[in-house]
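Chain IDs A, B and C follow the sequence of writing; residue 1 opens each chain.
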Amino acid sequence: MHSLKGVKRRNTMILYLLLTVMAIVWVVPILWIILTSFRGEGGAFVNYFWPKTYTFHNYVQLFTNSQYPFGRWFLNTLFVSIVSGFISTALVLAMAYSLSRLRFKLKGPFLKVALVLNMFPGFMAMFAIYYILKAAGLTQSLFTLILVYVSGAGLGFYIQKGFFDTIPYSLDESAMLDGATKWQIFTKITLPLSKPIIVFTALTAFTGPWMDFIFAQVIMGDNVKNYTVAIGLYSMMTKETANSLFMSFAAGAVIIAIPITILFIVLQRFYVSGVTSGSVKG
Amino acid sequence: MRKMMSVTTGAMVTLLTASTAVGLLSVSIDTPTVSAAKTKKLKLWVDTDTKPTYVQAVKDFEKANPSVKVTIKYTSSTDALKNLQKDPSAAADVFMFPHDQIGSLASQGLIYQNTKYAKSLKSTQISNAMKAATYKGKVYGYPYGIESQVLYYNKTQLGNDDIKSWTSLTSKGKMGTNLASAGANYIFSPLFYTAGDTLYGANGEKAKGTNIDNKKGVSVLKWMKAQKDNPGVVQSSTNTLSLLQSGKISATLSGPWSYNDYKKALGDNLGIAPYPTVDLGSGEKQMQAFLGVKLFGVKQDTKQPLAAMKLAKYLSSDKVQKLGFKNSHYIPSSKKVQASQNIQNDALAKAVVDMSKKGYSTPMPNSPAMANFWTSADALFNDTYKGKISDSQMLPKLTTLVKNASKSVK
Amino acid sequence: MFKRKKHSTFEEHIPLTKLFKKADGATKASYIIMGAANIANKQYLKGFIFLLLEISWVAWLFTTGLKAYHNMITLGTHAQGLVYDKKLGISVLKAGDNSMLLLLWGMLAVIITVLFILLYRANLGSARKIWELKQAGETLPTLKQDLASLLDEKMHVTLMAIPMTGVLFFTILPLIYMIAIAFTSYDHNHLPPKNLFSWVGFANFGNVISGQMANTFFPVLAWTLIWAVAATVTSFFFGVILAMMINAKGIKGKKVFRTIFILTMAIPAFISLLIMNNMFADGGLVNTLLINSGLIKTSLPFFTNPLFAKFTIIVVNLWIGIPATMLVTTGILQNQSEEQIEAAEIDGANKFQIFKSITFPKIVFVMAPSLIQQFIGNVNNFNVIYLLTGGGPANSNYYGAGSTDLLITWLYNLTLNTADYNLASVIGILIFILSATFSLIAYKKISNSGMEA
């Protein structure tokens, strides 16, 4: 009995050690970005970890440099990500629910086609999409960006469908026996049980616009004022400016990470809270 | 039944959207026409960091030409070709571009031929710049600046005589340069000029004009291979700045874009000079660099060709070149401005101007086929430096390179 | 209630050809004048929408449609030219046809007609429904009932209509356009707007699969597959292990650990990749620290040695990929039913057995669709390669690709550097066939594994 406890304690210690080492590996690059964003000297490459001088200048520069209007980019991105986050979430859930719960002819083939449609590499599609948008008179605006981000929602429902699949069908059946319509089942029973996947979907949709630096560039072209942070920051890394603007780039990275990090930390309890099991009990 | 009904509603929605799209579409496919409106609107694309120069220049231009209204937009000049290809009608009327894109721009019909001002530009700009603005005998560009790699060195470690040749540079000091990773192509391809070979023909525009698959070409590769064992050569790419700052290297080859960083690192100890001589096995010869010429272009489907040409011409004038040097530290391409006191007193500008002379540099080839050369050259140079290519493999490898490099035009 | 249940089976209908012979005049008219049967039976709104759409299609066909089809077949006949303008003293542009746009609009025209055909069929279906209901002596659904059904038995229509419109215009249309390009001569010698390109059949496929392109294609394909499998499997495997570790009994500070790993998900991939590129570079932080500490003498070739670079990429990808898996797995672990595990423990199963036969299958089941997507995502993982190595180190045996280039980044080089859109499109189609085959097989496997996916 005693030795068993000893083994358990030893195992726990090993786990702690492993977890700590891994945590360090994961934290160091982040810490380095943060330190770099406050570094007062040097360029993109320095041969030491801790900065020799600290400054807020890199942050100040981001918001005062008229050539790189970071503040405006930040607001653009916030706007696009919130709006497209809402719409995408609604659409993805609608698709996922239909394909998980509702029965209709052609569902099987549709699932296969939808799965496959996503797989054609999108590069050349970018230019086709650009011309489609242009024909509709929609280039270079934030609305267009939202439209394009949202249009992907129709095919990105697989994880969500997987989640709905885990909600017991017996719940639907008993509601149907009570005379509920499909719409009532969807809104009154399934959605309340689906908080984690809603949060997950919203989070993914929300973070998308902060990370896309290629497609957004094709749509925005030379309209610098409507850039998102991702294109903006990426445009700071040209041959001439990569070195001198690197610390401001890092500062920008830190600022982008703040809202997303807060969201992740606040919302992770939804994410990991046991909702599927809850539905079985309820 | 269900299938039918589902299709009904779905199709209705989509068809409605489709018809809207088509309706809009029929409006937007218009053809460019040369309009004769009273105010002529022009769009100008310049690099973000040149803002101070061109805001001022455009202001002056608009004052002199009250009927023209110029909007400045900021995009990277290196992306000019890509941006014009994407959508010519949305592109700027006048745009900046590096001269090696001229072949692609011209053969794809994206750039207006410079018929009106070619003659006067020829008299004011240096001949290498005009050569770079020309493709297949026709002038397209309006030069406004040049750039070339130069030798940067640490004056505390190297003296005036040490920097004359590669041999003394690498015996007295440490040369930090990049032979082992991507980017070696840009620094060391001009060695073929030093050896006496040509890339893409005499004017750099003949797809099949590369002749480096010979003894001279092999001598270049042998030299590269030998640098691996040269203790005075330090492989450096991204870390050049920190190596220079910490004194681990005493010299490097780079362009004007590195000046600010190096100046900050070395201060007054930063020395700038033209390239050294190099011995490829047949005596000391001047080591060459690529000359890059910065050009303005007028897009082919501009609605205001005359006004756009006038603007492009103005932006390449001596006055704006002087302004560019002052505000954005561009090295001018005009003979007169190059000879001016300001330039001659500036170490970097003087070194670049010296490098722009014949024998020191050659304009980078502007054949569209050059795109194929770059990647193949990098691979070959890297592998050669790392010792992966035996002496006997060199010639066949060069033959493959030439074959790849000529491929673009079938 | 039983009536509802009936809807899950699909009813038999009278064939449309038979209907035409048997039906009344209004139904017959629906074969030519869409919505006629609806209007005759007082379903005015529905009927007039059908009719209006038919008229608009016909109008579109004669004003724009036919021209679009013709242009799609020829891909343009007039190249742009220059005409000398005496008044201006320069040559001015005389616009010509733009093959690329003609192709794109041709494809749009095809889609419009396909939609119209579906609409026509729907119109006949509607007419048939009316006829069938009348034959059976039932009353026709009112407009209100029709609309109400959109929230009940036909709810999928409501839910899917908007997303599918997006898919049609932003996925399907570009897709068929791209596929079409593979059969044209749209390369660096035929770039619009100056030049026209034309249809060339299967010639481009031959160019890619044989000849010099093949010497690059197959090695790059092999690395793409190795990378995709390695990246997906390692991220999944280590992510599950990490989640198990964090959620192990007796570990305190679960939340702190979880938060640390989640932090990395909050940083946009393009930033973390650029930072990693910086940190692992020859003169980057990792190498300088290792050299300064005396562990190594010369920089480790993280990105400059082909094999080393491949390992670096996979390891860096772990940094990005593990937290996501960890998070999902944690959710699954916390949701698994205690009873099942307790029952297994009573039966004498040890922890590993429980993990192997209860927990892990559950994780795999829930994550299977996302694993397939991750695999495909990795086949097309442009960001990691483009930002981390840029395809390098260069490889003198390849044409236009580096040692770590995936098919997707090679495709990107082909479009951007050499403007060979048709070859790029062929590679795109090959990637597509590869991904589609794989995922359909994988998808079928999941569906067959006992539970309906």
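The rule is simple: contacts are C-beta pairs under 8 Å (C-beta built on N, C-alpha and C of every residue); 3 or more make two chains touch, one makes a residue touch a chain.
None of the values given here were measured: they were computed from a predicted structure.
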Please classify the inter-chain touch graph. Allowed labels: line, ring, star, complete, other. complete
Counting C-beta pairs in contact, which chain pair has more, A-C or A-B? A-C
Based only on mean CA positions, could you tell me how far chain A sits from chain B in angstrom? 37
Could you give the separation in Å between the centres of chain A and chain C, each centre being the mean of its C-alpha atoms? 17
Among the residues of chain A, which ones contact at least 2 other chains? 44-47, 104-105, 131-132
Residue numbers in chain B touching 2 or more other chains? 2-3, 6, 21, 25, 29, 238-239, 242
Tell me, which residues of chain C touch at least two other chains? 7, 10, 101, 108, 153, 156, 160, 162, 164, 169, 278, 281, 283-284, 288
Would you tell me which residues of chain B are touching chain C in their complex? 1-19, 21-22, 25-26, 29, 31-32, 34, 82, 85, 88, 104, 107-110, 113, 115-116, 180-182, 235-240, 242-243, 300-301, 305-306, 309, 368, 371-372, 374-376, 378-380, 382-383, 389, 397, 400-401, 404, 407-410
For the complex, which residues does chain A have touching chain B? 42-47, 66-68, 104-106, 127, 130-132, 134-137, 139, 218, 221-224, 235, 238-241, 243-244
Interface with chain A, chain B side, in the complex: residues 2-3, 6, 20-21, 24-25, 27-29, 43, 45, 47-49, 51, 73-76, 78, 83, 86-87, 90, 92, 238-239, 241-242, 245-246, 257-258, 260-261
Listed in rising order, chain C residues that touch chain B in their complex are 7, 10-11, 13, 49, 53, 56-57, 60, 63-64, 80, 85, 88-93, 95, 101, 105, 108, 111-112, 115-116, 118-119, 121-123, 125-126, 128-129, 150, 153-154, 156-158, 160-162, 164-165, 168-169, 188-189, 191, 193-195, 278, 281-284, 288, 303-304, 390, 392-402, 413, 416-419
Chain C-touching residues of chain A, taken from the complex the two chains share: 8, 12, 15-16, 18-19, 22-23, 25-27, 29-30, 32-33, 44-49, 91-92, 94-95, 97-98, 102-105, 111-112, 114-125, 128-129, 131-132, 147-148, 150-155, 158-159, 161-163, 165-166, 176-177, 179, 181-183, 186, 196, 207, 210-211, 213-214, 230, 233-234, 237, 250, 253, 256-257, 260-261, 263-265, 268, 271-277, 280
